[in-house]
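Presented sequentially are two complexes of chain A, the first with chain B as partner and the second with chain C.
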Partner chain A sequence: MSDVILDTDRKGILTRISDTLWRNPRLTILLLLTPPALWLGVVYLGSLFALLVQSFFSIDEFSGLIIREFTLKTYAELFTPANFDIIVRTVLMASAVTIAAALVSFPIAYYAARYAKGKWKAIFYLGVMLPLWSSYLVKVYSWKLILAKEGILNWLFETLHLSWLLNAYLSLPIIGGNSLSVSWTGTFLVFLYVWLPFMILPIQAALERVPRSMMEASGDLGATPAQSFRHVLLPLALPGVIAGSIFTFSLTLGDYIIPQIVGSSRRFIGQAVYAYQGTAGNIPLAAAFAVVPIVIMGIYLWVAKRKGAFDAL
Partner chain B sequence: MHSDRASKGLKIAAGLGLAFMHLPILLIFVYAFTTEDKSYQWPPPGLTLKWFGVTWNRPDVWEALSLSVKVASISTVIALFLGTLCAAAVSRTRFFGREAISLMVILPIALPGIVTGISLRSAFNLADIPFSFWTIVLGHATFCIVVVYNNAVARFRRTSGSLVEASMDLGANSFQTFRYVILPNISTALLAGGMLAFALSFDEVIVTTFTAGQQQTLPIWMLEELVRPRQRPVTNVVAMVVVLVTFLPILGAYYLTRGTDTVAGQGK
Partner chain C sequence: MTSAVVFKGVSRHFGSVRAVDEVDISVAEGEFFAMLGPSGSGKTTCLRLIAGFEQPTAGEISIFGQPAQGVPPYKRHVNTVFQDYALFPHLNVLDNVAYGLMISGTSKGERHRAAEEALELVALPGYGSRKPSELSGGQRQRVALARALVNQPKVLLLDEPLGALDLKLREQMQEELKALQRKLGITFVFVTHDQGEALSMADRVAVFNEGKIVQVGKPEDIYYRPEVPFVADFVGSSNVIPPRITEKVTGTWTTAAVRPEAIMLGDKGLPAKVRATSFIGTSTRVSLDLDGSQMVALLPKGQTIPEIGEHTHVSWAEDDIHLMEMTDE
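Showing the complex of A and B:
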């Protein structure tokens, strides 16, 4: 950098601005923050506020017009059995996906963080990043191909003469269905597949931050590997798991495309929001439905923050 | 746990996990060459290159692609600007409302996409804003900020404050310090953040369905094909090309940031 000629004359206009900024850190912060705060405040928080306002309006049942008056009627509609079922169903699916994702992710993250070296480290890193950044729709589409009746999975079961097993599974209530592509098992698999990298990365980040010496100390103090794992590594990895679960949970709560393409006809929250605002034109009810994931995620984030999950993001 | 060798069970679990993440994508590559055009038959009855030509001559694919590239470029530029400013402010000092700011940045991605989508839609609705190219960009830039922010804030934390002070002591003003000291330090993080923001916007479909009018971005085009298939082989080819195209920047970002101790990943 020796070729950089610095302005030593303290009178230039830029220098004076710069001196003022240096002397007034508060002003600097204010100037730095104004553009992003304005953008997020106006565009994003403003929109959230608009959503909230809409959710307190109601729709006139006869004319189908939105009545712009404060009412809790729309929220009451959420608790009709049909709508409440949608909420329960979505939360259950999100929980199942989150738990499964944590279980599948852990060995991958653990191996990548503590054992993979050199070439394998790179392979594991890219092995998670490539699926993470591949197109969401392409991933969903690939599962449509896999789960289709004439697709590879059915072919595999047939070739292995295990079709009876698949049929027995599909005849189960709730998780089964006419075929995998119209069953909740299918929906679950696609959710799990699509959100998995979002779980692996924070867990891996948390595990990489655990100092090797800490595990050695635990061993030196007489803990068996299983005890060290249970009492040292797992608690330290927990913020990573929680950080990952924020993604898997939230993404599942709000998705409407996966259950539409692979799944039964029974709706999830996302589909309800989409249907009510679209063809039905009932924006107030759609808005009230959209408030549900906000509230759930609000509680979730609050708990996560208390557990220190944001440091692992 | 003390040893440096993983147990067999762990190796198998990790390997199976990786396979689970990659096999479905590889399947797309086979389907792009199938001769069969009515169903998703496996194994493919034959292989052909015919569908590549058919896809090449489809104007709707090209239009969707060009719209996606335009939206992603502009959103990335906006996100780079806002995300860097925010990261600089947050990492520099502790101030009142700092937590609130970082929460506000994370919120668009922490809340389900459908919430962002329906919020923007009700806002456009209340304010009587017609849907256009810019309403799509508005939505995309909002959730892209967090990717840039995450990358930049991690790098700012690692960049020692004494470097900045040394630069000022040597007579540089804030702008020169930014240009010659801070920017070279954070440039790879910004590049990685920018690439990821581009990829995020290029691929976004949920928010876009709420903020787009008649325009079709590439993901919206694909969604249409998934819901109401017109020509399945064309969808297969587009899907394969999209996979290949998104792999390139990821590999690029990886080789660019390799060697630094930062990971270009969004999760970090």
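Showing the complex of A and C:
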């Protein structure tokens, strides 16, 4: 048996560091938090703030130089018909993508949370995550090929002698176009596909936390499955749906590549930002456009909170 | 009198596991019926079969004379108090209790009044505006009870409702539940693995083992007159006496049971050696070795406690030994 009870002789530089950290938990937390705080706080929030400042400047229409004086003129420009159209279009697209993503994700997430076990759970995660591992551009171009006039989807409709159906759909105003790959329906489908994992995973995580007995209790008290869904499952899954919608909504609001590759020539917010800060050199207007998604997300979360979406948290 | 719940040869198999195996039960109306057994013995599955969460693989279940085959839980006038209470975390206590009435379309004022009454019944008046997360375990248990009672079920099912409570609260709730059942006259079917709970509360007890009911009877019968060694051992840990020792005392070659508190130590009876003693509050527990068989005696306060390793003799009054069916062992 060892005689040493308090092993104070154990010394060495690493042991001493451990001892110091153990005695000063505040120091430990400080050391752990400083790097991410610098990164997030200074680099990220700092540039966001710089952007916000830029949006209050304006551009001299003749010289093209930025006038560094406080003005709301740039924001007023957002409300010109052409620019406001871009905002409305983007918000409508983001809303449609978010709602569709929630509808498609819920059953998948429900299955994964409630029924998938062991191997099937692994297959679920793999199936959901695998698309995220391949390049975003490759996926979008693949979709362009799928949706093109010479693409597999068109071929499928032809083979099934349903071309008339597709053509009738494409002849619809706004959502139609020459082919799916140059229509907003195409843009919508690609957005939906690319952001789907960001909706499925939070919903699945939320549903995972709802014990089976919760639904049984609801049924036991007389609720049909539809009523149980409405009054128990949906409210409890709502924080997950909101979390997922924050992803799909804000990602769609800010994306400029997908509408560039698949869709009509009319622009979305992301494309406007890209164009104004690049070729046009209108940084203030680009900044003002970039603030729009932030404001919309702020309003969205505020409304969600007011409606009690986070009550189950 | 009608039977509230009847099982006829009911089985529920999960793959090759026979969770419930050809069980026959008849629960009378207004009865407090306990299903007692170790975990995995099929008692909870039986409860879920009554609630409708499970469907039997074979056999027939009827509730108040009506066949329950294929009837979903939401069409059964049977309510459950869940082991984990299953209170809805997004609703406050009042809306939790009023949930069943909200579903059935009762107006808001009326269902809140009924829920308030139900909360009074379980001694939680005025707690309506709190969230379940703000309540203690015992309070949640009462809310779950109120929620199940507010629909005025014909049968109330309770799945180990007191399991998560500490001893003192559990004893208090046992008395309250029993009083409540008397007052309301509702049939209670109560699942527990705690023999003390089953014996103290129930009118009748069904003891489960490996998916089968091994004995049904009044608490006193289960306790004093176990029919099989499993019941003797599980319900209050009787000493199961092997045939060779039973024969020495009674002349019959069979297994028998003697309760630990019925055993006397002294100069007469069968020779035994003291293996261990432990003080357990109201009495002292003495483990004995009888020629290779283990036996436990409980000596009340005031008796001489033998030393470990001491040789003594074991005896009991003639009517304290209870002969059982022979087992295959």
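Remarks
As a working rule, the second predicted complex is superposed on the first by the 268 of 313 C-alpha atoms of A that agree within 3 Å, B and C clash if a C-alpha of one lies under 4 Å from a C-alpha of the other, contacts with A are read in each partner's own complex, and residues count from 1 in each chain.
Everything that follows uses one rule, which is that a contact is a pair of C-beta atoms (placed from the backbone, for glycine too) under 8 Å apart; a residue touches a chain by one contact, two chains touch by 3 or more.
Given the structure is predicted, the values throughout are model-derived calculations rather than measurements.
In the overlay built on the shared chain, the residue A:211 is in contact with chain C alone; chain B does not reach it. In the superposed pair of complexes, A:235 makes contact with chain C only, with no contact to chain B. Within the superposed three-chain arrangement, the count of touched residues of chain A is higher for B, of the candidates chain B and chain C. In the superposed model, A:136 makes contact with chain B only, not with chain C. In the superposed model, A:219 makes contact with both chain B and chain C.
Shared interface residues of chain A, touching chain B in one complex and chain C in the other, are 216, 219.
Chain C contributes residues 51-53, 72-74, 78-80, 82-84, 86, 88-90, 99-100, 102-104, 147-148, 151 to its touches with chain A in the complex.
Residues 211, 213-214, 216-224, 227, 231-232, 235-236, 311-312 of chain A are the ones touching chain C in the complex. Listed in rising order, the residues of chain B touching chain A in the complex are 1-2, 4-6, 10-11, 13-14, 17-18, 20-22, 24-25, 27-28, 31, 39-43, 78, 81-83, 85-86, 88-89, 92-93, 95, 101-102, 104-108, 110-116, 118-123, 125-127, 138, 141-142, 145, 150, 168, 170-176, 180, 196, 199, 203, 205-206, 209-210, 219, 222-223, 226-227, 235, 239, 242-243, 246-247, 249-251, 254, 258, 263-268. Those residues of chain A lying in contact with chain B across their complex are 1, 4, 6-8, 12, 14-15, 17-19, 21-22, 25-26, 28-29, 32-33, 35-37, 39-41, 43-48, 50-51, 53-54, 104-105, 107-108, 110-112, 114-115, 122, 124-146, 148, 150-152, 155, 193, 196-198, 201-202, 204-205, 215-216, 219, 225, 228-229, 233, 243-244, 246, 250-251, 253-257, 260-261, 269-270, 273-274, 277, 283, 286-287, 290, 293-294, 297, 301, 310, 313.
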